[in-house]
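One structure coming up, written as structure tokens, with questions to follow.
Letters A, B, C and D name the chains as they come in the text, with residue numbers starting at 1 for each one.
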Amino acid sequence: MEDKKVILSVKDLVVKFRLRGKILTAIREASLDLYEGESLAIVGESGSGKSVFTKTFMGLLDANGWVDSGSIMFEGQDLAKFKSEKDWLKIRGKNIAMVFQDPMTSLNPLKTIGKQVQEAVELHQGLRKQEAKEAVIEILKDVGISESERRYKQYPYEFSGGMRQRVVIAIAIACKPKILICDEPTTALDVTIQAQILNLLKRLKDKYNLTTIYITHDLGVVANVADRIAVMYAGDIIEIGTCEEVFYNPQHRYTWALLSSLPQLGIKGKPLHSIKGTPPNLFYDIKGDAFAPRNPKALKIDFIKKPPYFSVSPTHKAKTWLLDPRAPKAEPPESIAALRKQWRMIKND
Amino acid sequence: MLRYSLKRLAQSMVTLFIIITVVFLLLRLMPEEGYFGQAYEKLDEAQREAILTSMGLRDPIHIQLLKFYKSILSGDLGTSMIYRPKVPIAEILRAKIPYSLYFGLTAVLISLVAGVSLGIIMAKSKSKIWDKLGTGYIVFINAVPAAVYYLFIQLYVTDILKLPILFKPDNPSSWILPAISMSLGGTASYAMWMRRYMVDELNKDYVRLAKAKGLKSKAIMVRHVFRNAFVPMAQYLPSTLLYTISGSIYIESLYSIPGMGGLLVDVIQRQDNTVVQALVLIYSSIGIIGLFLGDILMALFDPRINLQKKGGAR
Amino acid sequence: MGNKKINQLADGITEELTEELFEFAEFDEEEAQRAGYSNYSYWRSTWQVFIQNRVALFCLILVSLLVVFTIIQPYLPNQKLPTKIYIDEKTNMQLRNHPPDSEFWFGTNSIGQDLWSRIWSGTRTSLFIGLVVAIWEAVAGIAIGSLWGYVRVLDRPITEIYNVLDNIPVTIVLILMTYILRPSLSTIIMAMCITGWLGMARFVRNLIVIIRDREYNLASRCLGTPTRRIITRNLLPYLVSVIMLRMALAIPAAIGYEVFLTYIGLGLPVSIPSLGNLINEGRALMMVPSLRYQLIFPAVVLSVITISFYVMGNAFADAADPRNHV
Amino acid sequence: MKRVLALALALIMVLAGCAGGSQKTEETSGELEQEYRTLYSGEVTTLNYLKTATTNEFALAANFVDTLIDYDKYGVIQPCLATEWNVSDDGLVWTLKLREGVKWVTHEGQEYAEVVAQDFVDAMMYILDSKNESSTANIVYSVIKNAEKFYNQEITDFTQVGVKALDKYTLEYTLEKPTPYFLSMLNYVCFFPVNGQFLNEMGERFGTDNTSLLYNGAYILETFEPQTRRILVANESYWDKENIHIKKISQTYNKEATTLAPELLLRGEIDYADISSSLIDEWMKDPVKKDMIRPNRTGFYSYFYAFNFDPKFSEEYEPDNWRIAVNNLNFRKSMFHALDRKAAMLTAEPYDPEKRISNTITPKNFVDLDGTDYTQLGSLAKFANTDSFDPKLALEYKGKALEELQGKAKFPIKVLMPYNTSVVDWANRVQVVEQQMENLLGTDYIDIIIEPKPPTGFLAEVRRAGNYAFLECNWGPDYADPETYTDPFYPGGTYNWPELAEGYKEANGKNKYTNMVDAAKAEVIDIANRYTLFAEAEAFFIDQAFVIPYAVGGGGYSASRLNPFESQYSPFGVSAERYKGQKIMEKPMNSEEFTAELQKWEKERAEALKAAK
């Protein structure tokens, strides 16, 4: 892992929004290194800022949002410093492409899907007319749309949700990007289709040698596709590690809670775990660990000071005071304890 | 497309039929003096009854209706009673429709171009100076009585620009102000709706996707947003011709334009029932045709409609 | 309360993190909730958003003052009667076209009536018309719209009725009704009411159709909640913003129509002051600089009312839209 | 977007460009000699002069079709289509000799036929056919022998009706009874000629537009676009074309004429504008504008406030109580003297209210007896020369009325005073009258209730239905005789039913006033006696306060490039509507010129009248 090349490096990113005269901090000093060719999943509740976080890589923040501080280094340029549309046009599509959550609304309902893919082809592959059309049909085949020549002329409403998502993916692929961000790509789809789409994405990733970021709140998806997992809460990445590390040896109380609420991990006869309270209102200043108010076993310091990263392994780190040597030993809930046991067994093998 | 059009057409015909019936029945409630004209005061009760009977107005209502349908189908709108006694209404209208149509269409065209442009500019500069100026204009048009600013334009702008006060068919310079005045209201509403739809569209996911694939914002505006925002406008486009009615009533009266708007006021003030009836029918029919065309136009723009949209409330 | 103590502690600490801090804190469930949405109330939030819009707030105050003033104006001291004709002491004739001064604040009209009191009396009449029509529009529009949208059996018949009424231009319906019923206050109100509910009903219906099948309504229905209750509790609050907007706009629209009807001779009789009548009388004087005040005063009052309602209606619609709440 | 904007701008520029260009050509070609341009707001409904009784409509016809006789600018009868006439000794048979060689022409000026005696017979046949619904038939059958019977289809043989073409150029009218003023009636639309053949050809279409009409008068209606414009051009084949100075008259329709006409006149786009009462002050203050306006001459419509003796209004206004009050002379007199007519007139005539106020029902200058105005005859003179408004007398009579009505009537008496909402002046006036009379007489005495009524069928619903207590009414003359002003009050009239007034019944069962009028009507030989009798009847009528005389019509101010003293003068008939003989002046006449001209005219008229005797 260590020898992998960092393709995108985010450092202490702060993103703010102005909303009805108030200022809201959506991303609070989040940092992340993305390695070339890897597949990273960002997990978190709705409103934790995972979408906003990735949107900053493409300059797609809404007009009332801005990068307040921090840096996003990509190929020697600091994307955080980009201001004009001209700058961003060098990045969007060409280098970083995105697949959005809801395929039902991501496509322009009044244009044939062929035309919509073709726009990307013409823009990024420099092809024209017939050539472009052929390329589009190729790509459509590639994303698993049969009879693509006929489909080329059809409108989005003639497609099912899964097929539309394939089109959206086709558009992203047509850009020939280096990084592909998938923003909850399967949330809006049926479970059976979810798997198809994930497989498709995996296949495409290998075929085109893409670096992919998955944004999801669904840990099931994560387990399927991700090499690494970043857990996001209240605008910060509170734990990051390889898939196994985060799943079997979670460190942050929030990660514990998140995993405990997975039905797969539920223990027979016991009610499913749910996290009490609601995520913090980002209009307010958050002091200390953002999760503290919802944490029944919070430490006093959690209310006072934001924890730094504590490394668990070279690839695994978490922002929690529990990893501070002075902290009392906290017993994880049963389900997590069971996971750790499994983890130890894997490690020992 | 054809099937949809035919279905809509059939629907429109049914609506038209109902409207004709309703209007006809309503107009039976009109003041009866309206059937006599000047003679009214000279006639006694019995004579009046005799005339009403001879006009078929004392027949049972369903007989009257049948007769009425018959004459409508044969294109006969009846004859005027007071406004121009004994003159067929169709003949009166024939001279007037071209003017109304010309000014109505010109006004719609001007307001379409001006309103849509203004709406786009406003949407693009949301919450900035253009947006505020545009909003100011929209509010002004809606707040100040048209009767006042139309007259103001007529009296002062003609003075400043040295344009004639009255409309003269052979003097094109006298066509400018009425057409522009008539388009002011439409411009405001087009601008308002265009802005609204543009802003709506700009917030949609497909715009984000278009951005994400690296399309320039100008290209997004032209290729995606404008077209999509225009679709809901297209539906109402033909019927907006009708919204020039009240405008045309003022404008035609002020500038001496011999159109239908002025006629309507005239026949109402003179209580010429048959002409009122004919005009109401014509305006209603234009309304229905407008909505029908609007739906067809929208179906042309929006591929979804053929399949998904069922008739019913618009 | 546990947190309070900790906060005090926190003030004292620097980089030194004492062992003491690494103890478990007490868990406060309420605090956990508050972190998310602090004592949220829909109406308070609506109000707060609304008053943040300075212009709208100004308009609200202005309209409130205006409404209150039009109501109490006749009872204020030194007010003149709107229909009384004032006589010039010197000539013993009517005080015609007397320019505004300390006695007649807005001057007098062509027969020596006090324009100030006429304008307020006219505003009363016009606001009354507007209000009745707006209330009717809300009541009838919501009632019909709700039934239309929610009760599937009624969809078809109401749609047909709507199509018929909507296909005749409003202007024509208004003209026709006032024509048939002969001009009077009640006629004008009635004519406007006949078409007034259409837009609102359609709006309500469409929104209801969109949201009636949302999960929470399905849930309600499964729990056996009566239709009426589902409409009033689950659906209507969602519609409040739209309803307020349309009501706010109905008032200036009604006044506008009144002016229009007056213009074509189907308005109120000239002996009843209304904004339509006053403006129509004033219009003839547009070219007479010294008498133009007779047009300007009523036109300004009318514009202020209309603009205020427009701005307020839009601002309130924004404010009441739950999507705009934080 | 910029492109769209630019396009729009360009479009406007182009429009403005061709506007500027064409305007120049307009100016150069706009130098037509003697063109008279006006704005009008009341469109005619028909050009069929045999049917209409509306001034608005026969004003046009008056310029298209000549009458048997005409009036000159002093009101002296002149030959027109008839060159000479005589009446039989019993005053029943009038024989007229027609001018030869007068042509009917079409709207294109092409000759159609000659005007002959039969044309007058054909016209009468049309009017007396009740199917044609002529509004003037009643005027014909009030004089012509057997006309009424024919109209009512009691006889079907038209030859029995008193109108005959003796030969091509000789026309004979036989009257029901001697009618001294018959000649003056020949100036009215019901005695116009029509070409029978053309009338038959046109059928129902006759007079619906300019093509369905024949012309023998001074002008031809070249263009007729209702609600747009009308263009009258001089008739090239007119028999008296030397006297046609205005060659072209263009009238443009505009609903807002009252508002726009003054402005258009100032910009030189039209030649005539009424200056409404609201504008007068402003124009009088401005020296330039002041020089452009002059008073209008007053007309012969008589306005009066009528007491209703047959109240049929709803119970809430207490008709029975009103009946008791109105039958009390002192009550009527208190009202009679309490009405400040000048205050009321200010609503219509703010600048010179006195000029229109009339103290008699028959206006001044209507007819005269050897130079003495009718209103100065006998007892009428007293009323004609005093203002009825007298607060002292009013209160005096109020006292008497209170005394007499004590216990009989309920005070305050409710006085229902309706008005037509479409007449702005009137709406203002009722408010003035209500306040003024209530202030003077006290609200414990009368309670005037003003009631707005829609214009639709106003007269039918209010006046004719007796649905009022106290109402402003008017009446216009039909012919040159004081009798015409007694019509509304004669039994059968639909004004205020004075024949129902209590305490005036005479031996023959008729009311005293009716008997007085009958006596006057019977006198057809001695005009002096006839006039005096009518004057006495009118004096009695006013003295007993059956009505309150109020005003004459016309008046107001206008800016006009026509000289009103050049126009033909006649209180009745159509002559006054003719443009014949008038010239367009360099600039509008001002008030000083008007006064001077008026004085000059009055002097000349007196001489002319004397010479004509």
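To be clear about the criterion, a residue touches a chain if its C-beta (ideal position, glycine included) is under 8 Å from a C-beta of that chain, and two chains touch if they have at least 3 such contacts.
Model, not experiment: these values are computed from the prediction.
Trainee: Of the chain pairs C-D and B-C, which one is connected by the greater count of C-beta contacts?
Mentor: Between B-C and C-D, contacts are more numerous in B-C.
Trainee: Looking at CA centres, what chain is most distant from chain C?
Mentor: Of all the other chains, the one whose centre lies farthest from chain C is D.
Trainee: Taking the mean of the CA coordinates per chain, how far is chain A from chain B in Å?
Mentor: 53
Trainee: Quick one: chain B and chain C, Cα centre-to-centre, how many Å?
Mentor: So the centroids are 27 Å from each other.
Trainee: CA centre of chain A versus CA centre of chain C: separation in Å?
Mentor: 46
Trainee: Multi-chain contacts only, two chains or more: what residues does chain D have there?
Mentor: In chain D, 259, 263, 422, 455-456 touch at least two other chains.
Trainee: Please output the residue numbers of chain C that touch at least 2 other chains, ranges allowed.
Mentor: 182, 265, 283, 286-287
Trainee: Could you list, by residue number, the parts of chain C that touch chain A in their complex?
Mentor: For this pair, the touching residues of chain C are 3, 6-7, 9-10, 13, 17, 19-25, 27-29, 31-38, 49, 52, 324, 326.
Trainee: Once bound in the complex, which stretches of chain A touch chain B?
Mentor: These residues of chain A touch chain B: 58, 60, 85, 89, 92-94, 97-98, 100, 102, 105-111, 119-120, 123-124, 155, 157, 168, 171-172, 174-175.
Trainee: Help me check something: in the complex, which residues belonging to chain D touch chain B?
Mentor: 1, 4-5, 7-8, 11-12, 15-16, 18-20, 22-23, 26, 43, 45-46, 48, 52-54, 133, 135, 138, 204-205, 208-209, 225-229, 252-256, 259-260, 263-264, 267, 269, 422, 455-457, 459-460, 464
Trainee: Using the touch definition from the top, list the residues of chain C that touch chain B in their complex.
Mentor: These residues of chain C touch chain B: 148, 155-156, 159-160, 162-164, 166-169, 171-172, 175-176, 179-180, 182, 202, 205-206, 252, 256, 259-260, 263-266, 279-280, 283, 286-287, 295, 299, 302-303, 306-307, 310-311.
Trainee: Mind pulling up the chain B residues that touch chain C in the complex?
Mentor: Touching chain C: residues 15-16, 18-19, 22-23, 26-27, 29-31, 139-140, 142-148, 151-152, 155, 242-243, 245-246, 249-250, 264-265, 268-269, 276, 280, 283-284, 287-288, 291, 312-314 of chain B.
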